[in-house]
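See the structures that follow.
One chain, subunit A, links the two complexes that follow: it is found with subunit B in the first and with subunit C in the second.
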Partner chain A sequence: MSVDPLVADEFVTFPLTVDGVPREVTARWSESLLTVLRDRLGVLGPKTGCGHGRCGACAVRVGVGPDEPHVLCACLVPAATAVGATVETIASLGGPDGELSDVQEAFLAEGAVQCGICTAGFVTAATELLERHECPSRTEIEEALYGNLCRCTGYGRIVAAVESAARTRRERKDPVPLTTRKLTASLRTGPEAAE
Partner chain B sequence: MLLAAPRFALPETPEEALAALAERPGAVVVAGGTEMMPDLLWGTRSADAFVSLRRVAALRGVTVDDDDLVMGAGTPVSGLTTAPDAGLAAAATSLGTPLVRTEATIGGNVVSALPYRNLLPTLLAGGARLELTSATGVRTVPFDGFITAPGRTRLAEDELLTAVRLPRHGGFADYVKVGRRNAQFVATVSAAVVSRDGGVRLAFGNAGPTPLRSDDVDAVATALLDGRATPEDLRAAVAVAVDPPEDPVASADYRRHALGVLAVRLVTRARTDGGPGA
Partner chain C sequence: MTGGVGTSVRRPDGPAKVRGEFSYAGDLAAEGMLVGSTVRSPHPHARITGIDTAAARAISGVHAVLTSADVPGDLYFGLTLRDEPALADGVVRYAGEPVAVVAAVDAATARRAARAVAVEYEPLPPLTDPQQSLTAPPLHPDGNVYRHVSYSCGDPDARGVVTVENTYRIGMQDPAFLAPEAGLAWPTPDGGVALDVATQWLHSDQTQIGWATGLPPEKVHLRLAGVGGAFGGREDVTLQTHACLLALATGRPVKFEYTREESFLAHRQRHPGTIWLRHSADADGRIVCVEGRVLLDGGAYASTSPVVITNTVTLLQGPYRVDNGRFEGWSVRTNNPSCGAMRGFGVPQAAFAHEAQLDALAGALGMDPLEIRLRNALQRGDVATFGQRFDAPTPVREVIEGLRAIPLPAGPARRAPGGVGRAAEPGSVRRGIGYAVTIKNLAFSEGHVDESTAEVSLCDGHATVHTACAEVGQGFVTVAEQVARTVLGATTVEVTQPDTLIASAGSTSASRQTMASGTAVHRACAAVRVRLLAQVARRHGLDAAGLTVVDGTVCAAGRPVTPVAAAAPGQTLRATEHFQHPATYPLGSAEGGMYVAFSFSAQRAVVDVDVELGLVSVVQVASCQDVGTVINPTQLLGQIEGGIVQGMGLALMEEVVVADGLITNPDFQDYLIPTIVDAPEVVSTYVTDPEPGMPHGWKGAGEPPLCTAVPAVAAAVRDATGLPLPAVPIKPEHVALGLGAAPTVTWTTPRPAAPSRAVNIVVDEEARDAPGTMAEEGAPGGR
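Right, the complex of A and B next:
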């Protein structure tokens, strides 16, 4: 991108890796990561909802410096402070050729998508939750998704979808549920063995 | 320095940050950006330049020494939600959302200096001190008195807030706030308590132009803890001590009333939940 020399001091150029692809960005130093992703790089997974960190429609997972990658609101981050960062949008969650992730499948199966503007943010936040908690309670799910707003108010189905995705993950990892194993063990040897 | 431009700097050490600030007079020091970016979006503030502290690793993290919990000014609020101070943890947990807390910092909360900021009553009740660093060294000042008006502090132009020191104690600490709704709300008013060794120290948010505490209120609160005063006494003492703002969110009368309620609530919790340390 060519920059008018009169406003050159408003621009900075820096690298970002977005969904695994190294990109070189030239943007105003005060521009948000969301603006850079959508308007300069054409990455449209993160949505512009409120633009000030309330709704989570722009949630992406960012690895900056030595920090563990974590989900944040792209609208609140000055993009130039993320020099060299790795940014994973909703496009990083599915497989190649548009294959959906298990969380996305659960959202579809549970009818957790209405108008859709919040969905990428919810799926991004829910995916991070399930990486940290294999078996989150309903309260933990609600706390983890507290920064994501659904303007269609479809929260019941969204929470159900996250519960369903968590259950499916546990069943895949361990086809015999824990409660069944405990019961079997206690029948065999008495209650002490179940602990 | 990760990136340096005439009007932008991304330093990696406090020394680089101070130098970058000296070279860019009038630059806004940005930590997480969670306050600055909305302000720019809405045009409520402008910035000639940014000096970002986001990549200064030395400013991020919490350590404990003999006396204090020492929080680097760039520590994200998400790093305080499990702090070994229940008041600080409660204030951090009720700040913004999980997606904001990973970027919002304790230093930004302090230097933004608005009376409704979540962490401020906790720091005032806990007797926090601030480490201010310039090219000539570090000075440590009490948090009490650091904020002089909404958005204004005693931080000099060539200084950075580098750490917040909160004294450790074995007592009871808590924080409460009320707002216009129960989710993602800015405090209409807020209050924090530290109760230790039989003495209660309260501090209030949005009870005046700056975070506010009062020896008179603490004397009545301590008497309430001991059963020598009534809740009505404490509400009356709070009503005299505070000078809350009147704005479209709430009237000064409502705030004065709510601050009394919160004060009684916190002292009641200290009495019932505080244990022998309180």
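Right, the complex of A and C next:
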């Protein structure tokens, strides 16, 4: 993915699709997709935590060519490889009609958000995880999210949010009687509900 | 009340945050904005013999290049001593010190211009050893000692049957908030400057910007931008002054956003330190005497070093009754990175050391680690070594008993040590269990005024709450909303963005904002309620004294009169209230105590350690904390879990490695913070004994979990390995190679405290001893 230093500083204009909208951008070849999104296109959902692929705050879903779209650190993707790409940021992840997605809802309900600078990245990665695994184990959750750092929450509420979103999804597909669900919900409201 | 105090209300800023629409300081932009860049010293210590900015200025797109010569006001700033120049003043004292700042049309041009600033340095030998700092020639006109603290209580020569002593070391921890520093400044029509910035303390920034710009405070307008974590690291000024100076110089908006590396260089770290402790106890484990000495490396500039050292020294006693003792400490200047506030503020260092000592005493006497702690637990009415009486609830026993009631994790570990790769060899994995109990002071201390102001208005059931309290992620916005619902019966609540249009709320630090700003909001809400009830009384011909607000409804003798939302149609009722804690006094003052309040916390850590490879997995941390009252169960749990994981980071992996004054790991590749794979299961319980004088009996909760996790995790690793491990972070090589000396245990002839010795504390001005002599007293060195 390295770029010839001679052309790295050259400006080029290229198309890409961001959150379903075809865009055209002029950027240096050497710039990262994160810089292209934030500084050139004003797409601010992906955040800059480290700029070197270690925190996941910049996570977006990128599709290039025929490959399955994949969650990547936008700060590690050179603009040169984003030519013609389809990029889905956190703005693509809401539910229908501007509602929150089940994952977003679970992050709020479980207290998985404090300062929130990591949240877009976590929601992006967790959404992809739940598309692949309907019922992820704690280990699978860890494997999917260990590229995302959170300095505030200590991760406990984040795990709880992912587990709760998975549960809600399963229940929606295979509804349990309402009374049982209510009972589970009320059991989860005290301070002990957390663990 | 729905959404009131005691319920798990969701964060009001949460929906925007999960949608990625919340605006952080790094997202700021303005029409015609320039981008700032900082020229930093590559040397930890050097004389500046020349700065040539001509080449940088000549670059097209560069609007300004400023050095110390261009600072119109007073060059010097600082949270306590004002010993730090806004831009280097002929000498640089740490690697990363700002020398010049540049504003240009875009980030790339600004960076290019910063590189083009030619600074000539004459390198000087860096002073990087804090022990040498005490005797070395001064690095600064203000000298090398930020503060020396020394006091004794009772008879420090008293002895029990056993004495244990050791020297402990704590590494430098980075706050590592996830959003690097950012802010946007612009000139205002009144000839002043405005700044939107991610900070912990708007009014402190305002004052310090005023010094450098020469502007009066009313012409320096600050507003909080979205803050991505803080943990103490945003208490000091970094880019604030630079952005304002450049905005004033160019007449344009100027934005700064640090890179991660710059963030490491620019903000203050947790003080690394060396602590020598000697505990003497009776045969039944009762502490007879404690002697301690602390040396904290404050780095190049004072920041809060003079305050942090007092916290460390005075809280060396831990949450235990200590009648006899002698305590001394220094925070000193070196050419290492400057250290200041970080969550825990000097206490994690003390806690790591005193808890290791308690375990050593228990080990020597063959006692259970919790039993020895229970036997020495502070009680209400006891007097601290520093002379203050614990006259509020002091539930040390209760947190220990609460912890003991939490069952141990059942069954084998879910995962092996060694991260996602789970590199451990099952045959060499041992389980360990460790305990720790700590005391943390809450709010500002030693006479620093701890206050806040809130303005609350209510119109048709909609409340607006305005304070200068910085929301940095901790959830003050939620607490403010809960208070407005409970006290006022508001249907909807808006917490406005904090700014300097209202009086100072102090810093979002020291676990203090619920106590200070929360109480100011509570008072303002209560004042608005009085007005509301007076109106309702008049309108309905009732006696205001008989009216209450219950669940959004004004009631008379329990019967609903009117919903709050319809009580005074179209009218806005408003009140501004101030809150200030009772005064505190310097160490040794006869007038009163040093601290506002305390919180106590007990934790048990369970770890699995691959003793061959030195890999540690923290399986579970159980916690019981004294929290006054539970305002929001989910948010409280978030503070506990987050604090525990940060403390675990300090115990096992986080260390800013400084070699010859240079940070060798200023990035998340080499500075490791815990990931989701490292995070333990947390079980959290609480002791709720209301704090007197506080609404609902609330008290701060953010720092204790970190303070306790450091010693608890370290104790568990000691238990698993049998190694003394007197230093944190405990890295794999310390375990694998068994580095670090064990405490010295001496059996002594008991010598009761001489009755003639004063019970009062005695503060010495002069150093009794130098920290360099610790080893000569027979204390083995750490690593």
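Criterion: the second predicted complex is superposed on the first by the 160 of 195 C-alpha atoms of A that agree within 3 Å, B and C clash if a C-alpha of one lies under 4 Å from a C-alpha of the other, contacts with A are read in each partner's own complex, and residues count from 1 in each chain.
Just so it is clear, a contact is a pair of C-beta atoms (placed from the backbone, for glycine too) under 8 Å apart; a residue touches a chain by one contact, two chains touch by 3 or more.
Not measured: the values here are computed from a predicted model.
Asks: Label the relationship between subunit B and subunit C on subunit A in the superposed model as either fit or clash.
Replies: fit
Asks: Between subunit B (first) and subunit C (second), which does A:72 come into contact with in this model arrangement: first, second, both, or neither?
Replies: Once the two structures are laid over each other on A, A:72 reaches subunit B alone.
Asks: Once the structures are superposed on A, label A:107 by its partner contacts, choosing first (subunit B), second (subunit C), both or neither.
Replies: A:107: touches subunit C, not subunit B.
Asks: Considering only the touch criterion stated at the top, classify A:146 as touching first (subunit B), second (subunit C), both, or neither.
Replies: After superposing on A, A:146 lies in contact with both subunit B and subunit C.
Asks: Identify which of subunit B and subunit C touches the larger number of residues of subunit A.
Replies: So, of the two partners, C touches more residues of subunit A.
Asks: Would you sort A:118 into first (subunit B), second (subunit C), both or neither based on which partner it touches?
Replies: Only subunit C is touched by A:118; subunit B is not.
Asks: Looking at A:52 after the superposition, I want to know if it touches subunit B, subunit C, both of them or none. Which is it: first, second, both, neither?
Replies: both
Asks: Should A:80 be classified as contacting the first partner (subunit B), the second (subunit C), both, or neither?
Replies: The first partner, subunit B, only.
Asks: So in the superposed three-chain picture, is A:29 touching just subunit B, just subunit C, both, or none of them (first/second/both/neither)?
Replies: A:29 contacts subunit B only, not subunit C.
Asks: By how many Å are the closest C-alpha atoms of subunit B and subunit C apart after the superposition?
Replies: 5
Asks: Please identify the positions on subunit A that touch both subunit B and subunit C, taking each partner from its own complex.
Replies: Touching subunit B in the first complex and subunit C in the second, residues 51-52, 54, 143, 146, 148 of subunit A appear in both lists.
Asks: For subunit A, which residues are in contact with subunit C within the complex?
Replies: The contact residues of subunit A facing subunit C are 28, 38-39, 42, 44-52, 54-55, 57, 89-91, 94, 100, 104-105, 107-111, 113-120, 123, 138-139, 141-143, 145-146, 148-159, 189-195.
Asks: Residue numbers of subunit A touching subunit B in their complex, please.
Replies: Those residues of subunit A that touch subunit B are 9-12, 14, 29-30, 32, 51-54, 56, 59, 64-66, 70-73, 75-78, 80-84, 125, 143-144, 146-148.
Asks: Can you check the complex and tell me which residues of subunit C touch subunit A?
Replies: Those residues of subunit C that touch subunit A are 8, 10-11, 13-15, 17-24, 26-27, 29, 107-108, 176-180, 226-231, 257, 259-260, 414-415, 419-420, 472-475, 630, 633-638, 640-646, 667-669, 673-677, 679, 681-686.
Asks: Can you name the residues of subunit B that touch subunit A in the complex?
Replies: 2-3, 5-8, 10, 30, 32-34, 36-38, 40-42, 47, 49-50, 52, 54-55, 57, 96-100, 102-103, 183-184
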